[in-house]
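Sharing a structure, written as structure tokens. Questions coming.
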Amino acid sequence: MAKNINIGMIGYGFMARTHSNAHRKVNNFFDLEYRPVLKTVCGLVEAEAKAFADKWGYESYTTDWKKVVEDKNIDLIEICVPNNMHAQVALAAAKAGKMIICEKPLALNVAQAKEMVDAVEKAKVPNLVSFNYRRVPAVTLAKQLIDQGRLGRIFHYRANFLQDWTISTDVPQGGMATWRLDVKAAGSGVTGDLLAHCIDTAIWQNGSIKCVNAMTETFIKERKNVETGKVEPVGIDDACTFFCRFDNGSLGNFESTRYARGHKALYTFEINGEKASIRWDLHDLHRLQYFDHRDEGIIRGWRSIHVSDGDQPYMKKWWVPGLQIGYEHSFVHQIADFLEGLATGKPARPTFRDALETQKVCEAVLTSAKTGQWVNIPS
Amino acid sequence: MAKNINIGMIGYGFMARTHSNAHRKVNNFFDLEYRPVLKTVCGLVEAEAKAFADKWGYESYTTDWKKVVEDKNIDLIEICVPNNMHAQVALAAAKAGKMIICEKPLALNVAQAKEMVDAVEKAKVPNLVSFNYRRVPAVTLAKQLIDQGRLGRIFHYRANFLQDWTISTDVPQGGMATWRLDVKAAGSGVTGDLLAHCIDTAIWQNGSIKCVNAMTETFIKERKNVETGKVEPVGIDDACTFFCRFDNGSLGNFESTRYARGHKALYTFEINGEKASIRWDLHDLHRLQYFDHRDEGIIRGWRSIHVSDGDQPYMKKWWVPGLQIGYEHSFVHQIADFLEGLATGKPARPTFRDALETQKVCEAVLTSAKTGQWVNIPS
Amino acid sequence: MAKNINIGMIGYGFMARTHSNAHRKVNNFFDLEYRPVLKTVCGLVEAEAKAFADKWGYESYTTDWKKVVEDKNIDLIEICVPNNMHAQVALAAAKAGKMIICEKPLALNVAQAKEMVDAVEKAKVPNLVSFNYRRVPAVTLAKQLIDQGRLGRIFHYRANFLQDWTISTDVPQGGMATWRLDVKAAGSGVTGDLLAHCIDTAIWQNGSIKCVNAMTETFIKERKNVETGKVEPVGIDDACTFFCRFDNGSLGNFESTRYARGHKALYTFEINGEKASIRWDLHDLHRLQYFDHRDEGIIRGWRSIHVSDGDQPYMKKWWVPGLQIGYEHSFVHQIADFLEGLATGKPARPTFRDALETQKVCEAVLTSAKTGQWVNIPS
Amino acid sequence: MAKNINIGMIGYGFMARTHSNAHRKVNNFFDLEYRPVLKTVCGLVEAEAKAFADKWGYESYTTDWKKVVEDKNIDLIEICVPNNMHAQVALAAAKAGKMIICEKPLALNVAQAKEMVDAVEKAKVPNLVSFNYRRVPAVTLAKQLIDQGRLGRIFHYRANFLQDWTISTDVPQGGMATWRLDVKAAGSGVTGDLLAHCIDTAIWQNGSIKCVNAMTETFIKERKNVETGKVEPVGIDDACTFFCRFDNGSLGNFESTRYARGHKALYTFEINGEKASIRWDLHDLHRLQYFDHRDEGIIRGWRSIHVSDGDQPYMKKWWVPGLQIGYEHSFVHQIADFLEGLATGKPARPTFRDALETQKVCEAVLTSAKTGQWVNIPS
């Protein structure tokens, strides 16, 4: 019989839903030694915390996150609150000896991130940052193909994360639904929210980034703040483009924006190697595009791989070939791997320490955008 | 607080997983008056029934389906067993006054299907046949567009369901994994298994079929039967093509096979109307292709609609625009609609009576393939 | 220095343009022993014949096709006039000992086609029917892959030719621009105009068709005839669907219509073999889709082959990889192959005799549609 | 009757073929006051010049370009030789009062380009630079849509030009086939060869570029020079990425490489405006992707426009809807527009002066890549 892991969920927003769903489903599909139990959910507004608990089957709810962190019955703290809350919750949870799964980006800045890494490592608590896209099967498959050396020497890494939901001046900043536009809550705009995903995947697939050169822009300069009710300057980056050099000699080109009309969440990456290339696109996340130069010339072409077969990552756990899974499943895989890591002693990644690397790149990107200069990533 | 609906699941195979998952998830995402409770699962092999119950959280398990049907605590019988079992379970469940959700196709033949319709209608029990693809959001959206009259007069309806999993002569017939190749268990091959889906969707979207003309083929004439251990003649249709005329004057062209190399589960349909056309493809189920002739000429083209916005069917319940759902969600929608139908008194469809129409077309198709003649669909 | 082949062009419509362009270009791109010279063009209206001659550089023009056929200086007669004129021009040209290239379909019916075959074979004149799509490089490549045995046993052949240009009731019949809707000029509707292409390609790629079963429809029952000025019954088939059995045991499914909103000229075919499958689509004619089951499982997928490399059919003659050619080039390839055939003594195909096979299938399709019965193709 | 324009073609390589083909075809498809006559071709090797003349129907050939420039019978000089020859030929041709069509990039650097602009403007000779991709119908349509204001305020312009033909170390530099890898002949690598196209289109569509920030790389540091027979350092940029700011406030992201395995000539651009977005891709050059936010929400999606209708740019001159044209047609359109410009007095563009703007951006990009700094584009 599986051992229970009692979950304390901090937050009841969008990410709390994705994580709760993952906890509820994981043991139906994966054979694991551990089983998450939805114990407590915590949020600012009591009625909403209660409603969330009812909806998802949490045994209790509270508005005081410190209580959850200190609760003896809780094994694992889920941090699904705005970025400016990550550090304080994580530090307290580490101190209380809890396992931690934290939403991305890890922190508001590198200094804070380092403190968090130190805390979890000192406390020796299992820790994970929720860069969920690593665990979309097609993305995991891409990583496997790279690790198998199929691409050969890498020349180019290219990633975009394009959205269009903030084009209207009517979109406010601050509050529950739009805190991502408020620099105080979010720390940055697309860089921390979207490029952080691209950078995490890139480092995982292609190794460390050596130096970056960036440009950012804030297209809409002021927006109403729903908390203050006033029109205030917008402090985040609406768009960010950067190029970089990886340690392996390849060149990177990254771009993110919330002003690309027609793209809801178009996270794409492409890797060009000497022997083969790979492309992926979140809007059709169950497909991987693969070009292998070693294929016979007259029938060489980009292969559209429908990643739904039992021998492709994670897919044996789900349905049958041809039947696709979706966005939410990346979170199920994440918790499955985390629990598997507990059982095997080989922790799932990215850990807080891994996420610190992404934080360093994000910070360098923002610095470069301000100075107009190349910035090296500190080791 | 939601009222419990106690589920008795007959079967523990692939479809039992899709339905169990739907029951477990539906109230996390939909606001409903009713809540399914996974009470009992029933299957032939006790150890497997127990394992299934553990995996999915059923409170008990049994190997005797009659006990489940007669159990006072059970409200709803789920029929997720091979086709040749549908009728007997459904008749008993109706007699016992249980609600019934039955996997497709409804029955082995029209005579049996009629008996089942009579039984549920006489017993006045809520009933549904699991033609789940109706509830893929893009397919539901297609139906809405048709109902709004956007396509105008319909000229053509075209549907394919192409697979490739039985090409090898090593695939056996019979048994748990391959009963679909055994005519005794399945009743027919691709006609009942795959074309039944196409026909159900077609009638729903485009109205009744008047007459059909069909061709079938069995490419591999004998296969080992895993139950008898002997090589036996294959009684099912490996492939079936038919064309037809709909009551509305449009022409239909349907094809299904399990010998289309490269297609795992390629269910596609296309509808050509005077003003607009629609295409859909299960391999990228979250997209709908739409062409509207009323668009301005120079910028007219097929639109690739990423069906993930809140104003598109079912999608408000899930994540945010751009983040796709998958195959399993069609079953969640199905049970959500069924429960909603209980609350509102407007039953979800297709009911057994609706499914009888599909059964009639399937039978006519098989008859036509044998006789080489046009066959009218009886009213 | 190349030897001149003097061309007598009968017709100055759309097809006369495609053929004239081919004649003018072929020696710029292909190294050939022969060189077409645009000698004379013939058409009904003298001013238009003159304008055509000026535009394309014909040395002379006339309104009397018999003069052209009898002209000693003419080596090759191009028949680019409505279908009901093919036979008389071809018979006269054969009698006069001219080479003949005839637009498709060869004739109005099988009887006429046979007479034409007899005439050219008796006269021993080089002859070709312009089923140009065989010579789109991607289509030719498909044929090569089949001939190399890469697909293994063939299970299915599927072809569609979908258009939408006659949906409006305002489109008339008869006359220069719309003779294809007038059964007297065209002989049939989509069957002879569009399905003839599909059938020609299918027989070439997949061998003879044994028997067919068809359905046709005329959606708009009467149209104004631009020649008589009167509204008259429409005698052609607006849409035609048929399925068939090939000699090699595979099943065919063909459909054509001019009522498929959104498709301008969507000629597609797909061939499913035991080992591999192929798809092609005229709307993106420079691509071939290829799925090979022998590819390694985790990276297996449909390959989108951009047919523009020097080792792919015909492409070495054109530009560089990645730069596509278009529709008109299929006619250049046709005349190049025809001229090459003259030089080598291995005639290019399809000859009149080859086209007779397609004519037989077309006729059987129309007969089946009338009788509602399977019809065998006579040998 | 059309007036003759006598052509003197300098060069007999790839570009000379595209231009010769255009001259031969243009009057067959366009109604024009002028008609090009292929008078003389000039190249280094006499036998090859003769063969080219034979192939394309030039009346004569020579190995002395100065003779051609000074020939009284020549009206228009075509410069289709390596980049380091452009200036001297153009200056001489201008001096001789000839019209000039020059391949891109205009010159090796800005200083040279300015001299050329001065020369043609002083001589008042019609002049054009062959940025042919402007005249792919889908690209021209994109420009129309932008000019009509359909996109609204522009936020992003993104362009890539990806190839893979120089990945092997066996590819040499220098000589007829590979002068593009020799910095002395080419001036630069992908920047002048490929990004020049992207920059020309971008400025045309989106206005002037204000400042750039670039990174270049040479992956293979030395290659055999086919002229010297020695292995020599590679002086060109194998890859170049830059971002920039346009005068209209939008952000640009450009990348080009010859090391993107799987892409033969993947020139793509995407423009994101407040109201609509546009994408295009040279590998499927007959399609334009268009997203219009003003479309009704539930049926909003990227439209795949098959640019082959008579009301779309240039297409009325060719075939019928659905039948695509290819790469070479962009050159036909170019010469058609040039000749039309002669007749109307409104010169076709880009002129030498227009191309100077692109040259400035290319030079700034190369400077930025060297210095690691932002570089402003001089006005």
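Think of it as A, B, C and D in the order they're written, each chain with its own count starting at 1.
As a working rule, a contact is a pair of C-beta atoms (placed from the backbone, for glycine too) under 8 Å apart; a residue touches a chain by one contact, two chains touch by 3 or more.
All figures in this text were calculated on a predicted structure; none of them were measured in a lab.
The remaining chains, considered with chain A omitted and nothing else moved, are all joined by touching into one piece. Common neighbours of chain B and chain D (chains touching each): A, C. Chain centres were defined as the mean of their Cα atoms; on that basis the chain farthest from chain D turns out to be B.
Chain centres here are Cα averages; for chain C and chain D they lie 36 Å apart. Chain A and chain C have centres, each the mean of its CA atoms, that are 55 Å apart.
Distance between chain B and chain C, defined via averaged C-alpha coordinates, is recorded as 42 Å. Looking at chain C, residues 263, 302, 306, 309 sit in touch with two or more other chains. Taken together, the touching pairs cover every possible pairing of the chains.
Those residues of chain A that touch chain B in the complex are listed here as 14, 18, 20-21, 24-25, 27-28, 55-57, 163, 165, 263-266, 282-287, 306, 308-309, 318-329.
On the chain D side of its complex with chain A, the touching residues are 155-156, 158, 162, 164, 167, 213, 215, 217, 219, 239, 241-243, 245, 251, 253, 255, 257, 259-263, 270, 272-277, 291, 293, 302, 372-374.
Of all the residues in chain B, the ones that touch chain D in their complex are 141, 144-145, 287-288, 290, 292, 295, 297-306, 309, 311-312.
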